[in-house]
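In what follows, structures are represented as structure tokens.
Both complexes shown next keep chain A, but they swap its partner, so chain B is in the first and chain C is in the second.
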Partner chain A sequence: MLEFFSSGLAGYLAFFLATALSYAIICLGLNLQWGQTGLFNVGVAGFVAIGAYTSAILTTPPSDTHLGGFGLPILVGWAGAMLVSAAATGFVGLLTLRLRSDYLAIATFGIAVTIQLVALNAQAITGGPFGIGFIPRLFSGWAEDALLFNFANLAAVALVVLILYIGLERLVRSPWGRVLRAVREDEEAARSLGKSPSHYRLQAFVLGGAIMGLGGAVQAHFIGFIAPENYLPTLTFQVWTMLIIGGSGNNLGAILGGVAIWALWSVSGSAITVFFPPEQQARAAALQITGIGVLLSLALLLRPRGLLGERINVSRHTDAKPAKAG
Partner chain B sequence: MNLQFVVDGLLTGSIIGLGAIGVTLTYSILRFSNFAHGEFIAWGAYAALAASTLLGWMAGGNVSAIAPFSFGWTLIAATVIAVLLTGLLALALDYVLFRRLRRANTITAVMASFGASMALRSLLEFIFTSSPTYFSKKLQIAQKLGLGVRATPDQMILIVMTGILVLSIHLLLTRTQTGRSMRAVSENPDLARVAGIDVGRIVNITWMIGGGLACFAGVMVGLLVQIRPYMGFDLLLPLFAAAILGGIGSIPGALIGGLIVGLAEAFAVQTVGAEWRAAVAFVLLIAVLLVRPAGIMGGKA
Partner chain C sequence: MEIEGDMATATGRGDGQTARPLLAVENVVQRFGGVAAVDGVSFSIRDGEIAGLIGPNGAGKTTMFNLIAGSMAPSEGRILIEGESVETQPAHRRLSVGLGRTFQIPRPFGQMSLVENVMLGRKGQSGERILPNWLAPGRVAREERETYDKAMALLEFVTLTHLAREPARVLSGGQRKLLELARVLMAEPRIILLDEPAAGVNPSLLEVIIDRIIEINRRGTTFLIIEHNMDMIARLCRHVFVMATGKLLCEGTPAAVAADPRVIEAYLGGGHLA
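Right, the complex of A and B next:
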């Protein structure tokens, strides 16, 4: 009995962590866009949705209810997700990155609304309101053993996060990463050094979008089912809160924020099922979002650096001592 | 081609235009795009609903409607109260949140407005639940206006009211000292301060006008469609599209932008299908950003 309970708890913890880390992937993409480059993307949910739907369509077995599926391997689905999300971010970026920063916010908000609408209405491609099911899951051969299955999935998601983390840390410390922060801090100075701000912005924006698409694909293959209501603006808002609380500009902060806010979300969700009668639960769930909104506002007011603030990165080829954080 | 879409478009356009005036004023005077502006529409509608219910109850129930409209004096009085309350809500939000962030970095204020929007809307959902409500369940008979077009008395008076409101705001901005000060702050806040303009007062007036107009738009949505927590958030993209289309900072531009978005939506509903309505504003927005980012009546982008 006790053994069953503890293995159930361990399985749940593995499931929880894998979900949290899948959010951390999206959060790392946003950190490249906002934390490093200062690009305000309010359409995170849309780019995540594109990744999830692309990978689902590429990898599911043939179906009458949506486009494809093409039955391709999962890794091909992930690569496709990154490519299509990158193309969508590139399109928005080309249109808006030369304008005031608010226009990027408005345009990304708009494209996320539109992508969700396409997911809902273009039934022949996306399955419409019914979504797409039977998305192949990693290690599905082990699905009988829930504990093993959950831990294997956790290991896979953790590996993706680790690879992204190492890659992004290298990028951030590279000359390319320094130009991004130069563009963020002082566009004129960067321009006067011969760096084209719009080029670097577009590169960071597209790479961040590709990572968000990958996050969406990883989530889709972890859960096995996607539907339009997974990609409402609430998702964008959750990821933003994760990044701000964790510490924007810091990749470890982005991961930590993803886990911390997902933990808070899960615990408050369980609390609602315990403390509210079933007919009031949908209503009480609105309080969760209110709480997270207040948390985000408080963090912006009181601790804009988040839990882990940005660290100073200077070239290892210089002796200059780092100045105070920006 | 049925011309009914023109009436529907003008009505939606009036609602969008009233909201877009608030967006364009916040953008040009406070220098950030307020993602919480849609919530002023929803909170305004619920405030009017609460106030008119309370007034009706104080008057002993059964307040009769003023013929030929669907509403009685309680809703008119409630709208006045709600306009003030919504203006105060906007002021309060500025006081606790935006005022502190605007100085540091405008984009942080935009982000905070995004958080505030989520929090405010979910709070409405918690208080009033997500099921839609109405000011009145009475059905109105639409009257023939010729050319195959019909409109209800409610619809006609609301279009007239929108015209009066927009004209008064336009006159306020162009003909009064307050309006001159507002334009000065929008051009250059530091210079305006040096010239002796009380910038804090102008900021407060801007919030009151934006919140008040949004509340009136909310009452319109409540009378013509229904009241639900998402009613404002769903209008956010059309509001931004209208403000940018009209040219940031321009009151007539915001109304014209609103009417264009409203007419385009109504046209799309008739030709493409109602399920794609929400994409119309995005398509228009992208078109403006591609062709003329400064908007129809705008100067700088």
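Right, the complex of A and C next:
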């Protein structure tokens, strides 16, 4: 009995962490756009949706209810998700990146709502409100053993996060990242030093979008089913909260924020099912959003840098050198 | 004459030795609506000189600077750097043809350390592209070491070594001017536009700035300086251009323009001479 309970708890923890880390992937993408470059993208959910749908269409078995499926391997689906999301962000970026921050926010918000509505209505492609099911799951051969299955999935998602983290740290803590930071702080000054702000903005926007798309694809294959209501603005709001609480401009902070906020979200969701009678639970769920909003406000007031703030020295190549005494 | 880019090896030279214009402005006009902020201005700066651009407030000096630096394209006229027409190129291309600038109100990257502010100025860093950071990290690291050492040397040159690891937001106004100078020097420009280097700077720091400008010039870099501080202009410049109401009023040595009645008129008011 005890053994059953502990293996159930361990399985749940693995499931929880894998979900949290899948949000951390999206959060890493937003960190590149906002944390490093100052791009106010409020359309996160749209780019995540593009990745999720792309990978689902590429990998599901042939179906009458949506485009495809093409039955391709999961890794091909993930790669396709990154490419299509990158292309979509590139297109959006070319149209919108000349906008100043608040206008960029309005534009990206509108684009994300549009993408969600397309997912809802373009039934021949996306399956419409019924979504896409039978998305192949990693290690589905082990699905009999819930514990093993959950841990294997956790390991896979953790590996993706690790690869992204190392790759992004290499990239961001470099002269390239230094230019992004400069563009974020003062594009006129960056321009006077020979750096083209629009060029770097587009690079960061597209790469961030590709990572968000990958996050969407990883989630889709983890859950096995996607539908348009997964990609409402709530998702964007959650990811933004993760980044701000975790520490904007810090990749480790983005991951930490993803796990912390997803933990709070899950705990508050469970608390609602415990403390509210079933007929009130749908309403009480609004308290989750309210609670996260209050937390976000408090964090912005009390600790605007987040749990882990950004470093003063951008390039890792400048880390080891001590300052010469003046 | 070829001047080596590297400051340490650049040769010293008296200014005014060569007559080739490094920067030429030809009949430049800039209109904002119905107002011509710059109205048919032509002048040229010789390689190796320190030239001044003076004039009362509203004369069009900063607009002229912004046109030369590429922040905007002129309504009419041409801007040539070493004979190459650059007026339609965007601002971020100016540095590659050898033109650097500082701002009237300094624009340091406040969240970044001083040394990285300066490192950013270096041109052609392979680590500023995405792929070398993943595929050739060794090359990027080697370049970064060089860039770091050079940036530290420049910070020492502008007397800011002790603040190298601090975020630039802690600096005073005068220190910010010095940081901007080091940052633009990192790019090794042939000509530097300085917009009011003395404004808001305390007198002792001002001496450092003047001294450094002379030293940089001695090593081969040309300057065009906007300044209201006539004492500084007199000490630095052999040649001064005077602008008033968008036009070039006159040019000559600091002493000559200071004695010119048209200049006195422009500064003290009383309408324009016919």
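One rule holds for everything that comes next: the second predicted complex is superposed on the first by the 313 of 326 C-alpha atoms of A that agree within 3 Å, B and C clash if a C-alpha of one lies under 4 Å from a C-alpha of the other, contacts with A are read in each partner's own complex, and residues count from 1 in each chain.
Assume contacts are C-beta pairs under 8 Å (C-beta built on N, C-alpha and C of every residue); 3 or more make two chains touch, one makes a residue touch a chain.
Nothing here was measured: the structure is a model prediction, and the numbers come from that model.
> Quick one: classify A:T234 as touching chain B (first), chain C (second), both or neither.
Touch partner of A:T234: chain B, not chain C.
> Would you check which partner chain A:F139 touches, where first means chain B only, second means chain C only, and both and neither mean what they say?
neither
> Taking the superposition as given, does A:F276 touch the first partner, chain B, the second, chain C, both, or neither?
A:F276 contacts neither chain B nor chain C.
> Counting only touches as set out at the top, which of chain B and chain C does A:Y12 meet: first, second, both, neither?
Neither partner.
> Of the two partner chains, chain B (first) and chain C (second), which one does A:L171 touch, if any: first, second, both, or neither?
A:L171 sits against chain C, while chain B stays out of touch.
> Between chain B and chain C, whom does A:F70 touch in the aligned arrangement: first, second, both, or neither?
After superposition on chain A, A:F70 lies in contact with neither partner.
> Which residues of chain B touch chain A in the complex?
The touching residues are 27, 32-33, 35, 97, 100-101, 104, 106-108, 110-112, 114-123, 125-126, 129-130, 233, 236-237, 240-241, 244, 275-276, 278-279, 281-282, 285-286, 289-290, 293, 301.
> Mind listing the chain C positions that touch chain A in their complex?
That would be residues 69, 71, 90-96, 100-101, 103, 107-113, 115-116, 119-121, 123, 125-130, 133-134, 137, 140-141, 143-145, 147-148, 152, 161-167, 183-184, 187 of chain C.
> Spell out the part of chain A that touches chain B in their complex, as residue ranges.
38, 40, 42, 95-96, 99-103, 105-107, 109-111, 113-114, 117-118, 120-121, 233-234, 237, 240-241, 244, 282-284, 286-290, 292-294, 296-297, 300-301, 304
> Under the touch definition given earlier, write down the residues of chain A that touch chain C in their complex.
167, 170-171, 174-176, 178-179, 181-182, 185-186, 188-197, 203, 207, 310, 312-315, 317-318, 321, 323-326
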